[in-house]
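Below is one structure. I have some questions about it.
All chains are identified by letter, namely A, B, C, D, E and F, in their written order; residue positions are counted from 1 within each chain.
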Amino acid sequence: MPYVNIKITDEQVTPEQKQALIEGATQLLVDVLNKNPKTTFVIIEEVNTDNWGIGGQTVTHLRKQS
Amino acid sequence: MPYVNIKITDEQVTPEQKQALIEGATQLLVDVLNKNPKTTFVIIEEVNTDNWGIGGQTVTHLRKQS
Amino acid sequence: MPYVNIKITDEQVTPEQKQALIEGATQLLVDVLNKNPKTTFVIIEEVNTDNWGIGGQTVTHLRKQS
Amino acid sequence: MPYVNIKITDEQVTPEQKQALIEGATQLLVDVLNKNPKTTFVIIEEVNTDNWGIGGQTVTHLRKQS
Amino acid sequence: MPYVNIKITDEQVTPEQKQALIEGATQLLVDVLNKNPKTTFVIIEEVNTDNWGIGGQTVTHLRKQS
Amino acid sequence: MPYVNIKITDEQVTPEQKQALIEGATQLLVDVLNKNPKTTFVIIEEVNTDNWGIGGQTVTHLRKQS
């Protein structure tokens, strides 16, 4: 009964991509630890680029530079 | 000083229901562990049904089937 | 399919108390939102009092004062 | 490679304030533990005042009283 | 720069299995969203079976029944 | 009433360093957002280096290489 929480920046992730993340993470737990997929939760959280920092800078700032 | 995080799908939960969850979770910590309610935090996070997977499927998909 | 995470200080919580927290939190989601208990997760995390701060002080420090 | 998650109520926090939180938290890990800022993540989550409870009451309710 | 948090029950997971989870989750984010693996974090948390509940019962209890 | 969660690798962090993290994070929220320190929580989680991955490798592995 694993629980997987995936945080990513909120940058136009499609429902199909979310479905692929959910399927892939669930399958990973089956493959590695033989966990039951029926009781595997995957929760995706999309975080505004203003609210995510790395290296002391917001991702909003980093995206402008690149 | 407990901290309770409740994640639920974002499906028209009312302010009254949120208040009931907060009261109930706070009281549970009083009843079971005699914790001080004044320093008990409850945070409710509502998650889009596209972003919550169980059994390798999004809840959006599961709701359509049921 | 709710997910509840309860963080408390690690101060000799018994298995019976943990069971009571799990039952109580699961029932709360049934009562307030009619959620299915079979797919309700409750995870309790016990945090060392050195690692929990409130008001800028560790709980270890606060326990010594009280 | 620390990970810092800051949850605050969603009450008109500006991008400049978010930047200050990210810089400050990253610097704190440098100062105290000599962590590499390049692999320090800070994620800020803004929570609706209806969804945050303290003392068994929502922050929405507490704001009205004060 | 995704962040993946995997919570599983604490039941003799080996370092090799943890490595496989970390590799697999990192690759999933590359495959689905083209994320940079260098700034992808994966954190595995092992939870005592007394502290994990599903269906209102601890996993400790469920393991004894099965 | 902010909540700050700091995850770091479990590598001999002292009680004094934990106290410094708690004080610093609490003060940061006072300085930037004028939050009340009395209801500011800081929780530090120390994660085994086998359980933390970056770039698809465990920190245990990275420490051996460096």
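Operating definition for what follows: contacts are C-beta pairs under 8 Å (C-beta built on N, C-alpha and C of every residue); 3 or more make two chains touch, one makes a residue touch a chain.
Chains and their UniProt names: A, B, C, D, E, F = Tautomerase.
Model, not experiment: these values are computed from the prediction.
Chains touching both chain B (Tautomerase) and chain D (Tautomerase): A, F. Counting the residue numbers used at the interface between chain D (Tautomerase) and chain F (Tautomerase), over half appear in both copies, so the two copies meet with largely the same residues. Contact count check for D-E and A-E (C-beta pairs in contact): higher for A-E. Centroids built from CA atoms put chain D (Tautomerase) at 20 Å from chain A (Tautomerase). One inter-chain figure worth recording: chain B (Tautomerase) and chain F (Tautomerase) are separated by 25 Å, centre to centre, where each centre is the mean of the chain's CA atoms. Residue positions 1, 3, 7, 21, 25, 39, 41, 43, 52, 54 of chain E (Tautomerase) are each in touch with at least two other chains. If the chains shown are joined wherever they touch, the resulting network has some other arrangement, not a path, ring, star or complete graph.
Chains that are in contact with each other form these pairs: A-B, A-C, A-D, A-E, B-C, B-D, B-F, C-E, C-F, D-E, D-F, E-F. Residue ranges of chain F (Tautomerase) in contact with chain D (Tautomerase), taken from their complex: 1-9, 13, 17, 20-21, 24-25, 28-29, 31-33, 35, 39, 52, 54, 59. Those residues of chain E (Tautomerase) that touch chain F (Tautomerase) in the shared complex are 15, 18-19, 21-23, 25-27, 37-46. Considering their complex, residues 1, 3, 39, 41, 43 of chain C (Tautomerase) touch chain A (Tautomerase).
Taken together, the chain F (Tautomerase) residues at the contact with chain E (Tautomerase) in this complex read 7, 47, 50-58, 60-61.
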